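My questions all concern the structure below.
As written, the chain order gives the labels A, B, C, D, E and F, with residue 1 at the start of each chain.
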Amino acid sequence: MEVNPIIQNVFAPPVLFFLIGAISVFFKSDLEIPAPLPKLFSLYLLLAIGFRGGIEIQKSGFTDQVLPTLSAAILMSLIIPLIGFVILRYKFNVFNSAAIAAAYGSISAVTFISAESFLESQNIDFDGFMVGALALMESPAIIVGLLLVKFAAPKNRPNSRKMHLSAILHESILNGSVYLLLSSLIIGFLIASTNPSGIEKMEPFTKDLFYGAECFFLLDMGIVAAQRLPSLKKAGSFLIAFAIFMPIFNSLIGVFVAKLLTLGPGNALLFVVLCASASYLAVPAAMRMTVPEAKSSYYISTTLGLTFPFNIVLGIPIYMSLVNKVIPLSPL
Amino acid sequence: MKRLDLIFSERELDAILKTLEKANVPGYTVMKHATGRGPERVVTEDMEFTGLGSNAHVIVFCEQELIDQMREDIKAELSYYGGVAYISEATPL
Amino acid sequence: MEVNPIIQNVFAPPVLFFLIGAISVFFKSDLEIPAPLPKLFSLYLLLAIGFRGGIEIQKSGFTDQVLPTLSAAILMSLIIPLIGFVILRYKFNVFNSAAIAAAYGSISAVTFISAESFLESQNIDFDGFMVGALALMESPAIIVGLLLVKFAAPKNRPNSRKMHLSAILHESILNGSVYLLLSSLIIGFLIASTNPSGIEKMEPFTKDLFYGAECFFLLDMGIVAAQRLPSLKKAGSFLIAFAIFMPIFNSLIGVFVAKLLTLGPGNALLFVVLCASASYLAVPAAMRMTVPEAKSSYYISTTLGLTFPFNIVLGIPIYMSLVNKVIPLSPL
Amino acid sequence: MKRLDLIFSERELDAILKTLEKANVPGYTVMKHATGRGPERVVTEDMEFTGLGSNAHVIVFCEQELIDQMREDIKAELSYYGGVAYISEATPL
Amino acid sequence: MKRLDLIFSERELDAILKTLEKANVPGYTVMKHATGRGPERVVTEDMEFTGLGSNAHVIVFCEQELIDQMREDIKAELSYYGGVAYISEATPL
Amino acid sequence: MEVNPIIQNVFAPPVLFFLIGAISVFFKSDLEIPAPLPKLFSLYLLLAIGFRGGIEIQKSGFTDQVLPTLSAAILMSLIIPLIGFVILRYKFNVFNSAAIAAAYGSISAVTFISAESFLESQNIDFDGFMVGALALMESPAIIVGLLLVKFAAPKNRPNSRKMHLSAILHESILNGSVYLLLSSLIIGFLIASTNPSGIEKMEPFTKDLFYGAECFFLLDMGIVAAQRLPSLKKAGSFLIAFAIFMPIFNSLIGVFVAKLLTLGPGNALLFVVLCASASYLAVPAAMRMTVPEAKSSYYISTTLGLTFPFNIVLGIPIYMSLVNKVIPLSPL
């Protein structure tokens, strides 16, 4: 690769739109995308990524790599929150530590989408079953986070409410974004199996439009991320450092697991990005309901204000270099 | 008659409405998409697409007795999750 | 046909998205599509179906079948409310009976769209002029409903306001959804006549995107329908039975009229679906304004909560079998 | 000064605003997209895309006399179509 | 406790919120997308996509002293750009 | 040209949708497109027109015509407000005159888009760099308007606030719509230069969908324009006459400047339309913030309620005839 991959990444439409969104905030432009329009794009992206992933999984079938990779993905989303928790406990109480750790164990679908776009622009192959990993990594991290609170929290948890296992499962699996992604994936799979003509009719919506809608949504994400920055300052330098170094650390674990799994470079990048990204949809929803003691600005400002932009702009190309170093290009 | 204003996260809307229904209030009005700041939290418009959600503003016109009846339940809910509740006088037209 | 048509229908993307919407409610997922996004899709579907219908009508010209079919359609939307009214009067007062009957005499554009998608997936032809029938069946049912109230209501109608004929016409023809459908149809016709190059430029929006937008809207309709179910229980078993048997009864009349009209199987199915479907857009708007004595939950919960899902999931394939039985496949 | 709160279906908004204009109120504020429950009806968010429509919440700050003037018209409208109207005290800042 | 209702163009929202923050109010709630009419201007829904913008309705529950503190700043803002401000009584639940 | 160009223009989908929007208001239909849906389409159109313009500019390169044309465009947007101001001062105070004049010096992106659609339907070529003119004409008119207020307003401006140059620049350049158009243009240019494969992936969104989205937005603009008409009557006949004759007058200046610039008929029409159109996005935003003494209904009702519909329906074909008369078809 001749050109610096970071530069190459920055000159992709989604990243550029993200940047002009962020810049508009710094220059105090009154550009805004009013609610609920961002929700429309967010729902659309989840539906489309799920649907297309389901089709790809059906097409490629369950190869040897699928089961080990999905298992490893779930494992990562169980282990990363534990590591994050231990680190965060230096500075934060159990509630905040568990909530932030869960966010970093879980994933960000839009970061994943951006990594896919990056791979496509570099003509690097990847497999549809990685969307399965995406879908499977949201819930386990939430469960770990809630169990950490359940067992590590002081017994005299103020205003405590009983946290039933059923509530934990409900929050982790039936969260709107998890549910939409999973069920769209199942629909895609079913359609590809039983009714392939349906795919073609969906594609103008789920495929052709996707890239542009991604750009539009990233324009908004740029605005949102930049608006979060001030409240990050209040959160303190420990958390700011955490929001950058935790993804890098997770990407390092991720790349070695990807090597063990003998993933190709495309799948490896996606795996690393799943490890490195942090959730701002499912995890905040679950934590707000079940651990109101945790300060929401901690877990939302770090994920949206720092980790997300870092991954989108710098992280993905950095992880790609990492993958290229660690995983020798096998002659496939 | 009294007017009760409740402002809290839309995530708790179902629970609060259940409390209102239990007390048999004659009616209520809900306005979503409210943002704001409380003693601890800031709720901005962008939270509508994240998992946090924005605020709901609920207005109830009812008799004082009903309010007394619901007081403990509402206070418990709001003290756990945040939010404010205020009462004022109101006369039917 | 080897495979059960109901199963085949269920494995189409629109129906699957409808089902996951409904299931999300049963599992108490927090998936939601906030207002006014459903309105966006609803407006889009009306505009696109009208526009495309207008083009098709212009292309196919006014064949021998057009006038008889459109006349029969109007006739059906005048007769069905009368039958419904007589049945409903066993249990309900004049106001409720007239409002519910009008809803069942009128049509549901999204049910019609779903029937078109079903026909396409089965490679069965149908004609563009059936959209004309769709557009023409909304208003007459409203007019009949309002005349029923005007003449059958007790003379001492409480809080009565004079119901002028002009108000009745206004509510029935200038209702937003009727107006958008009709005027888009006219635009489509005009463009096809005078400026065919305009069609091509519209197609990515009105045609390619259509199927995906239909799925997205049906996802929301699934949520809405499932949320309506509890209030249906309150409505009582008579109304629940009515919401299932009235469409079946109407489909039976419809299929024989279709036979008399010598419609092909595709057009016949659409005709039957128009008879069997019930309105949740134009009729509720008109009834709310002019017959506030009618309980809106009666006519909205039956149409949205029961008749619509029944038609989408089971009705359409059942009506197709019916059509196939009653209308012998002529060797065209 | 008084504060008049009107909550009713957005379908009647034009009629109510006409009543307010007729009485020459100094101003009014309209917030749409409200949902709620009254003694008979439930208004949910999904009604926004159906023909029923959701509620509007109208606030009017004005003198008592103006309210007295509009009272009968507003009450007639609300008793026919549903909706609530309450008056409370308000002092300009 | 008092309840302060402010209604003005959303274009001035930042300035008003800055004033509230300066006075250290315990919190506030913002509802956007309000329309209405004042002595001079009419604000309709279509202004949301034009450059004019619609109105914001801000509610503040706070002590009288805080209101006295903010009064001049708020009045200056509202008299320049338009908008209304009213105070009423409110008791915490 | 055989057919009357006005008739030809009216039978284009965007104009027809505009008309049915307006007609729905006259017939008091309850058709409405609730906020913030119009904002979605408005943002989309700005993003897409900017992006595509940026690509075109990069493709065609900076020809000899680019610099003179862009300079002339800026000049026009500086001069027109001055002329408008002088005319308006007969009837209005400094504040109102400056605000209205600025609106007419600035441009309307949707009018520009409609002119492009008109040219395409007539198979007349035009260049991408005209979008550059579009982007450059918004700010200067605002600056002139604000300087007019700064220097012509009575010294004892009631409630006066100091109007700093920085505030003027901020309002004129960082206005949301100006910023989005300009930055999308830059992104389009950058992508075309560095990453042409990104263009193809954006096109279903920015190009294929464009025409349909334009129609949908014009449907809403028809509603909005017709709703503005009553408040125009209050504004008085002087302002009504101004809202029609000022665009015509500007088009006359424009066509002669276009001739001087030796623009081809396509570019000439776009240049004329930029001169003749008036702003309802950037200028109202700026004027509201910095000149609250001006009555907003004056500048918004004239631009939206009269000048915009006039240009869309009658203006564009009239200007085209004008261009065809003044600019002889050179044998290119």
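To be clear about the criterion, a contact is a pair of C-beta atoms (placed from the backbone, for glycine too) under 8 Å apart; a residue touches a chain by one contact, two chains touch by 3 or more.
Predicted, not measured: the structure shown is a model, and the values here were computed from it.
*Asks:* Quickly list, by label, the chains bordering both chain B and chain C.
*Replies:* Common contact partners of chain B and chain C, which must touch each of the two, are A, D.
*Asks:* For copies chain B and chain E, work out whether under half or over half of the interface numbers are shared, and give different or same accordingly.
*Replies:* Result for this pair: different.
*Asks:* Among all other chains, pick the one whose mean CA position is farthest from the mean CA position of chain E.
*Replies:* C
*Asks:* Report the inter-centroid distance (CA atoms only) between chain A and chain F in whole Å.
*Replies:* From the centre of chain A to the centre of chain F is 41 Å.
*Asks:* Quick check: how many Å separate the C-alpha centres of chain B and chain D?
*Replies:* Distance between chain centres: 20 Å.
*Asks:* Distance between chain C and chain E based on Cα centroids, please, to the nearest Å.
*Replies:* Their C-alpha centroids are separated by 45 Å.
*Asks:* Any chance you could list the residues of chain D touching two or more other chains?
*Replies:* In chain D, residues 11, 31-33, 45, 48, 88-89 touch at least two other chains, as defined above.
*Asks:* Among the residues of chain A, pick out those that touch two or more other chains and give their numbers.
*Replies:* 30, 34-36, 39-40, 175, 204, 208-209, 285
*Asks:* What residues on chain B touch chain D, complex-wise?
*Replies:* Listed in rising order, the residues are 1, 3, 26-33, 59, 61, 88-93.
*Asks:* Which part of chain C faces chain F closely enough to touch in the complex?
*Replies:* 35-36, 39-40, 43-44, 47, 170, 174-176, 179-180, 183-184, 187, 190-191, 194-195, 197-198, 201-202, 204-206, 208-209, 285
*Asks:* Sort out for me which residues of chain D touch chain B in the complex.
*Replies:* The contact residues of chain D facing chain B are 4-5, 7, 31, 33-39, 45, 55, 57, 67, 71, 74-75, 84-89.
*Asks:* Would you mind writing out the residues of chain C in touch with chain D in their complex?
*Replies:* 34-36, 38-39, 42, 159, 161, 175, 177, 220, 223-224, 227, 231, 279-286, 288-289, 292, 295-297, 300, 304
*Asks:* Residues of chain B touching chain A in their complex?
*Replies:* For this pair, the touching residues of chain B are 9, 11, 33, 40-42, 44-54, 79-82.
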